[in-house]
């Protein structure tokens, strides 16, 4: 790159070079896949080629594959279920974490149970939840809750527990009111860990939703994906996988990423 | 001990502090300390690490209560922490999520009584920031400041509610030698401008000799007063002063007998 | 005495929970198809111990095979990524993308390729558990203190020597810490895969039992899962303590 | 005290670090001449390029312009005749103290190829060094079983085990408390007086610099430049009591003033 080139062009070039450098494997794989599709080297019963995948996407979006319904409907349903289960998990998780951090007695009572339940995969609850809540909305929401709540509890507990003692001493010395202590000191001080718990819980909940819909629902992206498998349609399965990956990445990047930039990255190094 | 001319600002009378440990043993950290500190005096508490200097400071601040004896400030016994006694710690002092100016104004806005006392909180905040030499960094977050600047901000915050007493717990202990020297000079300037009474905990002989009116040397745990060294030299002090080197030599021997070498 | 109580507090808490559960079932006379009492669950365990054993062995087998592949693959990939910058650059975006796909979503594809049964379960266990191993091994290699590298380079050490003498031993605590996570994930992977697409294994057993509304057997499956999970975790935790006892800085290890 | 032939010579050396979107001018046109067996200290404000100097002399980083000559040869890559120690002891936690000290011998030639056969001999060498720094009896302990001061002692042994001609120290005692630090000055002085390597010590602590070195160089704030050179003519071995003598204090005070001027305060 020449030093006299205008800054804009050189930055663009630099960006392109870097992207190429960092994404070479992905780009290479995509090229191989497209080339193999063009030469009809991949049997569609094993992995969809480019044309099939594109057609499947269009068909699913427009709802042409009758039994499978419309992709957009599934996306919305999955999203709504996730929002419901996750909000409950966030509310209850933060509350429990806060209670544990404020009282060592509560912590001593809850921690052993938490240690016991945390390692149990959210989806292992599926058979039980199906029996209690039946197949459908409630079961999926409960399963998302059960998957997402544990890291949130731990995040809140760690966040509120690890507030440096000096912060509280400063508050006492300056005579800060209870309201000021909670709003301006305790919450912001706990926020980084609390937030990382929420973010981890988001990932866990999102992973659970697919499995939960596969087993315990008749709508949603997970259900569509499972049906794709049963209908022996690799193209449908792959579309489902891509949609899920995009949804989760979008939520993580845009919702949590933005919140983190706004609330934490400004001051935390 | 010679009695100060004006009535004492801080009076520590036969104070003992005993902590009970987890296995129900009693640990005496401070043993029968008697000390009175005059208004406007600069006192350094000097002693080996973990000897109970900080406990004594916490007793004055009101974070701890004595097991026996009385601590009084401005004639009133200390029962709780209060804005009349500003505290500066070694670390974790600034609220990371607040800018410098929000940190400094925190003490002026955190309860209604204080808010009534300082109607012009913004002006007072700016004055304190200027005093510690942080003008231009009002909107910077603490994590983007150097160690020395962080401590400047912490000093400004504790000065904001205009306390009569400043309690400092090894405030420059985490800074490098150069910065520490600059900060010591800065602190003396602030002390001379504001006329506060300062109690400063340190384990550095050099620091104590450079700063203090009186150095209170403490024994290892349980802390007692080993000796009190009075320094009359004017400031800024010249480290070349042969008087100072004699005192340093003496303090070194005094301290060495109290610490366990590795 | 006190120390002894503290060490065993989680056992006591578990016992307490079971007793409370039993009392609750008896006092409130809860219907067994809603919540069976611990005694009923125990009876179910005894009654069905033979099929439970067979299914548990199946799950153990798929988990361990998947885990073994993940360890071998994860270790190699982690070393490659940690040592070679170009491999890191090329693989990292793809790993991030891969990690954001819930692994369960791959099960239907695996079923299309390999049919229902053992292979998808093993592959799910593998796919779900290799990621933390890779990340940890690479982290251990990539975070060698720059000063230490200076010391070694000033002695004329070649890259291979730095990796062998420092990099690999240094990444071992990270590796063993990741095994604890990976074994749990592998176990999750095989159970979940069994629940969706298998005719054997504890996951399948529980789904089958719930279809027959045999609540006690579902709970029995739950108990078996917990016990197996705890045992596998403890074995890897033991290996960690044994092989990397010198790593006291446990808290800077990525999990 | 020192021989006449210059062992290290810096001739108008500049160093600029180039990163993706910025460049840092760390050293500017620096000249230095260090004799064989001399103990020099470099002091200056934080981030003034003191550590860069060590990287140049050790050959870990090439100069942007100018020449670095060590032992009569132009430096183009790592020299293998230097030992290094840093503020962070960087001992390997899976090796005992003895094995940590032996590490350089497993890497540097000609020792590396002979190491297995002559292990006993090398261990005896290491034990001798450990004894010199007062660590005999701790050779089978792991680094995490040692205090900070002891770790730093082992780090010094590791830096010296292959009998380097040159010892490069980057604030080696910066993380220790005052008492331990002052005790280790004595240890380092003893090591230097027995082994006589050429030492470059980078430090913040002016008393440390005066206590230990023959010559103290003061560097200016970034870009670093040598702004003064002070000979310390105090007799050896020096003791802590010497640090309270007027000539010692005066020297430290002068250095402090020079640094303040270099910072533009």
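Lettered A, B, C and D in written order, each chain numbered from 1.
Here is the rule we go by: a residue touches a chain if its C-beta (ideal position, glycine included) is under 8 Å from a C-beta of that chain, and two chains touch if they have at least 3 such contacts.
If you're wondering where the values come from, they're calculated on a predicted model, not measured in any experiment.
> Can you tell me which chain pair comes out on top for contact count?
Result of the pairwise contact count: A-C comes out on top.
> If every chain is reduced to the average of its C-alpha atoms, which one ends up farthest from chain B?
Result for max centroid distance from chain B is chain C.
> Can you compute the centre-to-centre distance for chain B and chain C, using the mean CA position of each chain? Integer Å is fine.
52
> Mind checking the centre-to-centre distance between chain A and chain C? Centres are C-alpha means, answer in whole Å.
Inter-chain centre distance comes to 20 Å.
> For chain B and chain D, let me know how many angstrom lie between their CA-based centres, rounded off.
Centre separation, chain B to chain D: 36 Å.
> Any chance you could list the residues of chain A touching two or more other chains?
none
> So which stretches of chain C touch two or more other chains?
none
> Connecting every touching chain pair, does the picture come out as line, ring, star, complete or other?
The chain contacts form a single closed ring, each chain touching exactly two others.
> All pairs of touching chains, please: list them by chain label.
A-B, A-C, B-D, C-D
> Going by the contact rule set out above, which residues of chain B touch chain D in the complex?
Those in contact with chain D are residues 49, 176-179, 181-182, 203-204, 238-240, 242, 245, 248-249, 252, 259, 261-262.
> Within the complex, which stretch of chain D touches chain C?
Where chain D meets chain C, its residues are 55, 58-60, 78-80, 82-84, 86, 88, 90, 92-94, 103-104, 106-109, 142, 144, 158-159, 162, 168, 170.
> Chain C touches which residues of chain A in the complex?
By the definition above, chain A touches chain C via 21-26, 29, 45-46, 108-109, 112-113, 115-116, 119-121, 123-124, 126-128, 130-132, 206-211, 214-215, 222, 225-226, 228-230, 232, 234, 237-238, 240-241, 244-245, 248-249, 252.
> Looking at the complex, which residues from chain B come into contact with chain A?
61-63, 80-83, 85-87, 89, 91-93, 95-98, 106-107, 109-114, 141-144, 157-158, 161
> List the residues on chain A that touch chain B in their complex, please.
Residues of chain A touching chain B: 164-167, 169-177, 180, 184-185, 188-189, 191, 266-269.
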